[in-house]
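The chains carry the letters A, B, C, D, E, F and G, assigned in the order they are written, with residues numbered from 1 in each.
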């Protein structure tokens, strides 16, 4: 990461840096102004026909779900943009960065607002491209490029599946308009293609939101500058997948496939990720893995249909975005001022960076799920939601408990130890408090976490309920957000979480080796990626070596083999064989001619003497000319003889510089001979078949009738050449000219001596 | 190639060939011949010249660069085709003019078709020579 | 009568042509073979052309036949001269009764 | 005769394919000349054969007297012959140039455009 | 040469007069024209070599064809007989003929008469290399050629009074 | 009317003659530019005519079809002519800098413009033998252009290109002979009319397969594409650009024309074969690209793979699929030609097209980066660029037709295409230059910059326009597809009402 | 056309073909380069004869034009080949290239 290079320049990047912030704030304000309307249950829709002939439109829908996402995206976006303006102050490529980040934000907004499958897909892919460019911000390093490609490839692969899924969905439902499709949920679930559609779409969403086993690209994506991570990996990009599942929830949820796939994948990802998170020493990596955990949890809840689950989903979605963005930004501040992110090195920053520490503390407490923070409510709801699961509630509950406890511990590692623990280790740079533009973000977000915790009603009516509504269709089942719900199962589980979490936090240093061994045992998908690439390239170059070996003979052989298959194979397949030819009309003269030609041809093929070959060619030419004479084509015969003469002349000239035909003994190639014979035979058969059918001479009759009266020529052949088919002849003389020019250019263009 | 016999022979043959090629060109529309055949025969004349006396002399005798002859021929052929536009006809529609035409005899025909054939002649002539000369100069 | 003469000419000419062929095959070395090809062959074509001229008996055609023969007579010896020259330069010594020379094969 | 010619064409094609598959590209040129002849004959015979009556209109007549050979294939073949010559001439010059620049006529040794170290690293 | 033009003119006139154009009329026209010119030679007063030249040409052509036919037999005989009774050899023959046309004519005619074949003319144009099939006595061959073929050619194409 | 059709065909040859005869003075190159500008105008005029008359035909030499040669333009032909003119204009401007005086003197402009003439002739002719002639014109001028410069690899590549294309040419010619033998005509519409009367229909299929192979070589489909990757990376950049853009497309066009108009009797057989060819072509091509490390080689193999998409459209033979093929055809010409032009600039600035020997363009030549990014990611099929719609329509057609396998292949190949494009992007643009250079466009003279970047920018803008506003293009493609699938209009226009 | 001429032609064609065939044998056998050239030359001349026969048989002088062209141009190939043979000697001296 080279983004600490400009630590001493807090100045910013002037207008280039501030315009994006302005855009984000305006959007945020606009969405905020629409919030009341949405809270009243309105669904704001806007349609622009884009490709009507394909039934593709740019239609946008603003309901609870999309509004929640829109606000998170634009709001956090504003913070992050402001933050990065200082973070990357004076960076030579800042303007590109700002451009990419802004366009990413806009693409993301388009994604969550789109109401047309294909329109949604377009924005989906736009986020893919822009995040590729953002992750590749550190393109100078091999690692940076690798991460960017990995992210693009994995999500891109998913996107293609998603596209297929969308097309199937659209074609089988007869429309690409999401709201129309979702309105016909039962029809969709009953459709024969429901399962393939579901699988394809989930392939897209799981890769995008890094569900196991597609999780590995996300931690690597931390190669991006911290603000990017904060944005992409907390609030938005990775949540695009979650968003889509949520969006389709009303249309596709409720089936067993949906339930089991999402629940298991979600739960497993959550646990798996939080174990890995505890193992990390790099603060950013730790946060990345906790993001995975969060995504897993969200997926897990989307697998359900209960009101608790949906409320939990909506709440946790917001909670997580707030504290995760805050913490990423905090880590950015630490990195920015100390030059490191190593948990074991950092310590005692509390005094030097009080504001940062404050923000970190608030966010961490929310993350750990302490009252009175929103995180606590989120956790309570999560437990409530998990317990509402129809089957195996306790299994999933305990999984969630473990995940939460681990998250608790990680919160401590990330947000407490760097500030309060004592380490003798020296820091790369003498730390200093971060400049204010970098503090607004984390502090504000953290404070929001606290405020909503104390007073959840605002959140309830403005975002949570509408979101639940767009998931379940009504707000009836939406559960209330409150800090104190009395002593109940969730509360007990919370206390258990705190206890277990504290234990894990205190013991995590000792746990790490054990976890390390555990993870080593588990399959490493990141290394798998490298193996995959190696295999792909290996296979590619193998097949290319086989197909494209660079040896002309192989190419010609393959081509002729194809010709043979095409002709003989089709003849066999379509029974186009000719009858036995009738040779009654053959005269002695004809036989002599044929023998002459064949002898010449064969002599050409077998002789090793260049002159013999040349002369034999002449013989064939003469023989063919004789055929033209016998069968009344004087013009052709003359042309043939003249051309043959010139051929011999040219070859005779060329041979003066060319070596013998056979360097190492006469070449006899039985395999080639077989192929050649087969092709010759099949050509003969085709020709015989053609000659069986009667010839239609109306063109010729027309030429004979009009040649003199209308074209004033007695030599019909010439009249055809220069009048009836003059265009042919013109093209042909063009060929002759070009052949001459090309040959001339070839001879003049270089001289072997000059050529290196 | 320093052979007196060949050189002297060529002196006559070359002339004969060119003359003969023109004859074949003109009569081509009514009897065997035409632009291709004419051009081919004409070029053989100069090919013989080049073989007998070397390309330097042959080029000198020809004066014009063969490629230019060929390309000019292409232009002429094209113009012969475009000329039809002047008479509101489609591309390559033959336009005829018969000098002192009578009832039974058409007289001397002048036509874009002939011009086209002349273009063809020049193309074939020039092209073959530019290849053969260049080739000759390589050895 | 005229027809008979031209028929005879045609036959003789063809005979000459085949004779030339035989010569080219049977004679001992390239020089002697050239004798056969150059003149016997030319003679054959000439006779056939005479036959054709007599047969058509149309000045235009006769002129053509005459030209053909004339061109043959003009070109054949030149060709022969060049071949012979090449043969000499290739170091092919003429066959003679006294010693059958081994010819340099192609 | 058409049938016999079909067989001849087959033989021409076979020999030329054999030549084109040779290691020495000069043989490809020879094969090219042969196969062009085969193609021309194919067109010619596809228009069927008529002996001893060229498609010419005698002076005084408005059309050919009696049955004459099919003129169209003749025109096409004539075109094809000339084009074939153009192709041949270029190909020959190309092989010639190949020998003078690459120093070989053997296709196996022509590995400049696609060198053996083509495998990705 | 203008005499030749006159002759041709007369021939054409002759044909127009009879309004026929057959190969007979052509030949007869030429002959008659020649005769007329020869008759009126005193009147025109030109001491043209034309008449002699025409005579020599005719003689050349006739003699050549005679030679051609006769000596062909020899070669044919040798072709068809199993044993080669020929005794070929390369013979150098000194050349007297000077003009290009003369040289070409001589060499060609020699080549065309069976038994002899002109291989090459030395760069100095002094000697002609011949291949002779029946070279039992090379000098005899040369002599006969010089007094025969070459003589006639010189008469026909080269102005030597 | 007849001249609306004839003018675009005649112009390039006129240009060629003028440019050649004036090559000694530097005027020739400007004749080329001007000529192609006029050509574009004529082409647009033609398109306009076609748009309001559906199909237009003209009888050359006033000889009625099928006796004379007919020029005919339907939607497909017309749009191909326009796109050809656009490419020609762009490349002729690019060539102002790319082609040195030596090549000009050897007749580059004549070769180039006659190549264009051949291409247009192929698109406009309604006569099979005439098509052959235009193929020859195209082929042999491409020979000349390919080896112009005479570098070793050019000669080597040239030999492979020439030999294999000659084989296809001969096959084509023989096929025409046979087709004439059974129908007695050469006019394509007339052939289409008389083929059903042939009683040995099996034979018709055999001949159809001969044409498939012949045009398959031209179009560079599996297993006939060897000549393309062996040669396209060797000539001058403007040359490989016009090759990459146009030549293979003429093969595809011919396949589409023949297998919609003429050979539509035995679809069960021919088009199944085509479908397999399409799949294998896509896969082998894209894998070939994955194995390369040179920009032009990568791009060359991608041509092959993308030809597969077009064939797929033809093979599926549904209206949507055919529309996809047409759309892909047009989009691909613009994008691919542009990528080769850009490769040229990359070489001029960074010193090579070998990915191991260049880099750093992203940092120091952002303009070039953008200009590359647009066509590259369009080729990779990212929305909202032209390539996405091309891919989308074809995949949608395949899925609608329940052709699962081909759809899967198309998507998978799309993924691997992303892989190669990002490879170029990462190596040439992102990666620091191995020699520590900071290659930027200031190394080019202002004049050179104009000549090289103007066409590139123009084509890039076209890509964006097609991408952001695809409706008219898609609608056009669908109309073209409709014409192709129901050629009665075409036939009546060519042969008169009696057809 | 008379019976007599007809038989003459039939025989003629046969004989001419025979002549060509014999030339072909020599062409294949060689042994020396000039031998092959002679054979080809002989063949060309035979075709002139062949054209004459064809002209009489078809009562059409058009074939005489073929003969005319061939008579003029035929020896060009001979000349080129002969020169090739001659040059080969010089080359052989230069680069140890053997025409064997």
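Everything that follows uses one rule, which is that a contact is a pair of C-beta atoms (placed from the backbone, for glycine too) under 8 Å apart; a residue touches a chain by one contact, two chains touch by 3 or more.
This structure is a prediction, so every number in the text was calculated from the model and none was measured.
K.L.:
Which chain has its C-alpha centroid at the greatest distance from the C-alpha centroid of subunit E?
P.N.:
The most distant chain relative to subunit E turns out to be A.
K.L.:
Kindly work out which chain lies most centrally, taking the average of its C-alpha atoms as its position.
P.N.:
F
K.L.:
Could you see whether A-G or B-E has the larger number of C-beta contact pairs?
P.N.:
The comparison resolves to A-G.
K.L.:
Using CA atom averages as chain centres, what separation in Å is found between subunit B and subunit G?
P.N.:
About 27 Å, centre to centre.
K.L.:
How many angstrom between the C-alpha centroids of subunit G and subunit D?
P.N.:
Once rounded, the distance between the two centres reads 21 Å.
K.L.:
Just the number, please: Cα centre separation of subunit C and subunit G in whole Å.
P.N.:
10
K.L.:
For subunit G, which residues are shared contacts with two or more other chains?
P.N.:
Residues 13-14, 20-21, 30, 33, 36-37, 39, 54, 58, 62-63, 65-66, 68-69, 72-74, 76, 79-80, 83, 85-88, 99 of subunit G touch two or more partner chains.
K.L.:
Mark out which residues of subunit B touch at least two other chains, giving numbers and ranges.
P.N.:
Counting only residues that touch two or more other chains, subunit B contributes 3, 5-6, 9, 12-13, 16, 30-33, 36-37, 41, 44, 47, 51, 67, 71, 74, 78, 81, 91-92, 94, 124, 127, 131, 134-135, 138-139.
K.L.:
Enumerate the residues of subunit F that touch no fewer than two other chains.
P.N.:
As it turns out, subunit F has residues touching two or more other chains at 13, 20, 60-61, 107, 110, 129, 133, 136, 140, 143-144, 147, 150, 152, 159-160, 163, 167, 174, 178, 181, 229-230, 290-292.
K.L.:
Using the touch rule from the top, collect the residues of subunit C that touch subunit G in their complex.
P.N.:
Listed in rising order, the residues of subunit C that touch subunit G are 3-4, 6-8, 10-11, 13-15, 17-22, 24-25, 30, 33-34, 36-38, 41-42, 44-45, 48-49, 51-52, 55-56, 58, 60-61, 64-65, 67-69, 71-72, 75-76, 78-80, 82-87, 89-92, 103-106.
K.L.:
Which of the residues in subunit D come into contact with subunit F in the complex?
P.N.:
20, 25, 28, 32, 35-36, 38-39, 42-47, 72-73, 76, 79-80, 83, 86-87, 90-91, 94-95, 97-98, 101-102, 107, 110-114, 118-121
K.L.:
Under the stated contact criterion, what part of subunit B meets subunit C in this complex?
P.N.:
Touching subunit C from subunit B are residues 3, 5-6, 9, 12-13, 16.
K.L.:
Using the touch definition up top, name the residues of subunit C that touch subunit B in the complex.
P.N.:
For subunit C paired with subunit B, touching residues are 71, 74-75, 78, 81-82, 85.
K.L.:
Residue numbers of subunit B touching subunit F in their complex, please.
P.N.:
Subunit B reaches subunit F through residues 67-68, 71-72, 74-75, 78, 81-82, 84-85, 89-94.
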